[in-house]
Amino acid sequence: MVTSKRINWFRFSSSQAFYPLTGKMIPWFAATAILAMTTGLYIGFFVAPTDFQQGEAYRIIFVHVPAAWMSMFLYLVMAGWAALGLGLNARPSFMMAQAVAPTGAMFTFLALLTGSMWGKPTWGTWWVWDARLTSELILLFLYAGVMLLHASIEDTRRADRASATFALVGVVNIPIIYFSVRWWNTLHQGASVSMTAAPKMAATMLMAMLLMTIGFWMYSAAVTLLRMRCLMLDREQNPTKKHTLVMQEAMETH
Amino acid sequence: MLELVELRCSRGKRLLFSDLSLIVGTGELLAVVGENGTGKTSLLRLVCGLSSPDSGTIVWRGSQIRQLKELYHAELTYIGHCNGIKDDLTPAENLKFSACLAGDGCSDTAIRRALEAVGLEARLHLLPTRILSQGQKRRVSLARLWLSRRPLWVLDEPYTSLDANAARLVTQRMEAHLDEGGLVVVATHQEMTLGTGSLQHVRLTG
Amino acid sequence: MSRLSLFGTVREIVWRDLLLVLRRRSDAATPVLFFAIVASLFPLGVGPEPMTLRAIAPGVLWVGALLSCLLSLGRLYTADYADGVLEQMLLIPQPLTVLVMGKVFAHWIVSGLPLVLLSPLLGLQYGLNGEPLRVLMISLLLGTPTLSLIGGIGAALTLDVRGGTVLIALLVLPLFVPILIFGAGAVSSSASGMGGEAHLSLLGACLLLALALAPWATGAALRIAME
Amino acid sequence: MSRLSLFGTVREIVWRDLLLVLRRRSDAATPVLFFAIVASLFPLGVGPEPMTLRAIAPGVLWVGALLSCLLSLGRLYTADYADGVLEQMLLIPQPLTVLVMGKVFAHWIVSGLPLVLLSPLLGLQYGLNGEPLRVLMISLLLGTPTLSLIGGIGAALTLDVRGGTVLIALLVLPLFVPILIFGAGAVSSSASGMGGEAHLSLLGACLLLALALAPWATGAALRIAME
Amino acid sequence: MLELVELRCSRGKRLLFSDLSLIVGTGELLAVVGENGTGKTSLLRLVCGLSSPDSGTIVWRGSQIRQLKELYHAELTYIGHCNGIKDDLTPAENLKFSACLAGDGCSDTAIRRALEAVGLEARLHLLPTRILSQGQKRRVSLARLWLSRRPLWVLDEPYTSLDANAARLVTQRMEAHLDEGGLVVVATHQEMTLGTGSLQHVRLTG
């Protein structure tokens, strides 16, 4: 029956099983992340040859593209956890969704930032209202929406379910980002353009991008699990902590 | 027949009640009493399936209400703290809509009779509910009891802001319902006394 | 127990909401008025040259429609929530999605349909005519119901949140964007000679998608809010 | 009988409303985000050419500001009215205009000020820079309080359910128009080289006028509504 | 001392009461009784100056309240049907704001004492009022009586959704106020009985 399942899930996820496990995992993730990113950046910025049209500017691709990929991928992960949560009424998967959100938002912002840094030299402008750029911006808003909605409902259980529902609805934006390049004739190059260079160079580029992606991947895992642990401590020790804190501080400031 | 099995309900960190088990038979009235904030409303909302218990189950005629869903709603009339009427509609319209949606009889004559039965003179039936007094509004929402053919009634402090006269009318209506083999669950601070039907008390102590 | 048919239930709910709107005339007038005002503000803000106006017409009109829909979303459920009517509705012997469909349909009749009917007039003001005008109407006809459906989700999610309106906007506007793109796209591409069918069919697809998902999501949101 | 000073009362009211906003951290953020989203919607509808965008930038940004103000106005008094707090406030031993000033000021801090601070960023996105940006900020700084003041009247009028004043409430919306024209005008004229001082001073005049009349009108409207 | 002179009040086409004249002296409680919709609330709102009578005047300490305006408000504590509290604020904050704005003492300790006096345990003082039960909300709004130093209290059905315990506390508080020479005007459906002070009834017959 649903209720008991919720309780079991909570036990399973709480300190006994979860903590030691993640405790061991996090350092490994972190280490791999650092390793992959440093080598990736090294290859990207020193090994990979200069692009004959774009010069050095193109090297931003090694941050930009993986960041962009992560921004979309993490949203799907978050939505997945949200769906699981709603389906099984499982508290921990809600928490996972909450834990993923900030990282996803961060990568979205990174993609936007690097993108516009790249736009300046290549397009001569920081920002254009191009479909892909805009839809990526919308992705940022969706992440913001999920977090805001959760923040603005006191009762955590309700907040979980509400923001999860919204996260699921927001999934429709992902295909839009991905296919935007086709729906609009955009400034932003589609999947093909980036790989039209000599095969060898492509190989190094691919290598660098791959490493960066792995790095970002591991980073996300580590940070998410870390946040997850905090969330759990928070909720197990004191369910209503969030708002009681707000109250007290408000009382004092008044 | 309504069966509560080891219900446990907590709000925030506060445990309201746990392993609460009881049976309400046909023709029986369950009076939920207790001080303010001991969980009467929470219990009533559980019974309606508006919120779900931490643990335990509620069984209606042998099947869990969680499975029954809409079928259970068709057996149920709930009147809460809130009147659930639209200020901009007339009493007649309010009653008509809630009755029709609930699937009770909602012919104009039926509506008029119900409103008169609860003591609202015809003059008021076609004015916006906004202008009614507190007690008159309460009467409008209670008028649904005169239309309802549902076996199970769940009433949260029905007597709020009613005058002695109206209160008697409502009690009489409940008694009639019990005679027809209905069940009533009512949360109240008044002393319940019935001329008929069997009366069961449950006191919540928070 | 005599139960209403699904259709009967929807009809009751729609009729009730329309009656409520009729009682408060302002509610009836506001969306159209707002649409008209937004649309007529732009020539003021932007300046009168016809070229620019015709260029921005589709965007402006569509954004206007979108925002006026948004404006009226705030009260979609909050009113029923406050006076306990929603609680009663959750207890009607019908699936929750039926209730949602009814509410959304009523909302569309009040806030969407009038815009569709008004749009040709405003379109003319912006120097659109002939084919583009027709496309404008059709795009709104296909688009506004989608807006109401999506908007309903936001309204339900922010039900027990104070000052919901702005949060609703924040939640649903991103979801409105595709509709806006396709809608405005349809008009402008038909204005520039290459018909808007492609965009219109995309709008249709969105509508179907929304019809399939939105009622479910809204229902879930409502249950959560009432917990 | 210890009575609060006028200022003390205003402070209490402002603080109460801000606290209410703080309770829902989202409320604090949302007007800005809404502004940002609206501003990002138009280019989608209108299309990306920088020329057109720069042309419509003032209009769009100002309409955005106006709308986000409008949306948050809806609940300025209705909330207090519904839970009976307004009734209590009408009984405080202070002139009613004091109460009104407090409410409006709080509303501006939440929904107006952030827009002023955000505007340069959005201006940049639309390709404005230098002088026009400065003018944009100043115009919003002068304009948004006026919007809050005027909007307050509307909010109070819509409280009255007897329908008579509803029309007037609808008339308040057009009152926003001059502000919009002057605001957008200031920016565009400074963008086209001939500085926006004239428009700005007009905005200032509007603000003073509103400060003089609005609180009184709002107070009257509130009394009528509570009768 | 409060004086009602030939008050006449009609709502729509309905005349609620006419040439109603009476005097409430210091230390006296005026209980306004009558069936639902006979005009109790309307009368109380007249007394507060929230609405104005068709004809007749209300005189407070020799001067008409229409002239006194804010000065009269400073003498008055009104608690209506509606609790007048913000669901998103804590009971403590709600009480603090209403007390401060009304110009009553509103130190944190005073607030805490008032809330405890009305029977809200400290645990609840810092939770949002939304989560409180109906009766607990009512208590929060009534707690203002423990802070109010105003001579004239106007209470509209104070006992609504209170349990017996809380009701007694409120009655005691009124008695204390009467002893200090205060005036109380109460609309209620309960039978009022006072241990002290003089009790005057006015029955509205609609």
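Every chain is named by a letter (A, B, C, D and E) in the order it is written, and numbering of its residues begins at 1.
In the analysis below, a residue touches a chain if its C-beta (ideal position, glycine included) is under 8 Å from a C-beta of that chain, and two chains touch if they have at least 3 such contacts.
Everything numeric here is computed off the predicted structure, so don't read it as measured data.
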Completion exercise
Sorted by contact pairs, first entry is C-D
Problem - Maximum centroid distance from chain D, chain identifier (CA atoms) - result: B
Fill in the blank from the handout: If chain centres are mean C-alpha positions, then the most distant from chain A is chain E
Problem - Angular offset of chain B relative to chain E [C-alpha, multiple of 5 degrees] - result: 180
Exercise for the section: Could you give the separation in Å between the centres of chain B and chain E, each centre being the mean of its C-alpha atoms? Expected result: 30
Completion exercise
dist(centroid_CA(chain A), centroid_CA(chain B)) in Å evaluates to 48
Fill in the blank from the handout: Rounded to the nearest Å, the gap separating the Cα centres of chain A and chain D is 35
Fill in the blank from the handout: For chain C, residue numbers touching 2 or more other chains are 24, 161-162, 167, 170, 173-174, 177, 181, 227
Practice task
Give the residues of chain B that touch two or more other chains, as numbers and ranges in rising order.
Solution key: 12, 52, 81, 87-88
Practice task
Two or more other chains in contact with one residue: find those residues in chain A.
Solution key: 134, 141, 144, 148-149, 152, 155, 240, 250, 254
Exercise for the section: Within their complex, state which residues of chain E touch chain B. Expected result: 11-12, 34-37, 40-41, 81, 119, 127, 131-136, 138-139, 157, 160-166, 189
Problem - Interface residues, chain D side, partner chain E - complex - result: 1-4, 9, 12-13, 16, 19-20, 23-24, 83-85, 87-95, 226-227
Completion exercise
In the complex, chain D touches chain C at residues 20-21, 23-24, 26-27, 30-31, 33-34, 37-38, 41-42, 44-47, 52, 55-56, 58-60, 62-63, 67-68, 70-72, 74-75, 79, 82, 158, 161, 163, 166-167, 169-170, 173-174, 177, 180-181, 184, 188
Fill in the blank from the handout: Within their complex, chain B touches chain C through residues 48, 50-52, 70-71, 73-76, 78, 80-89, 93, 97-98, 100-105, 128, 149-150
Exercise for the section: Give every residue of chain C touching chain A within the complex, in rising order. Expected result: 150, 153, 157-158, 160-162, 167, 170-171, 173-175, 177-178, 181, 209, 213, 217, 220-221, 224-225, 227
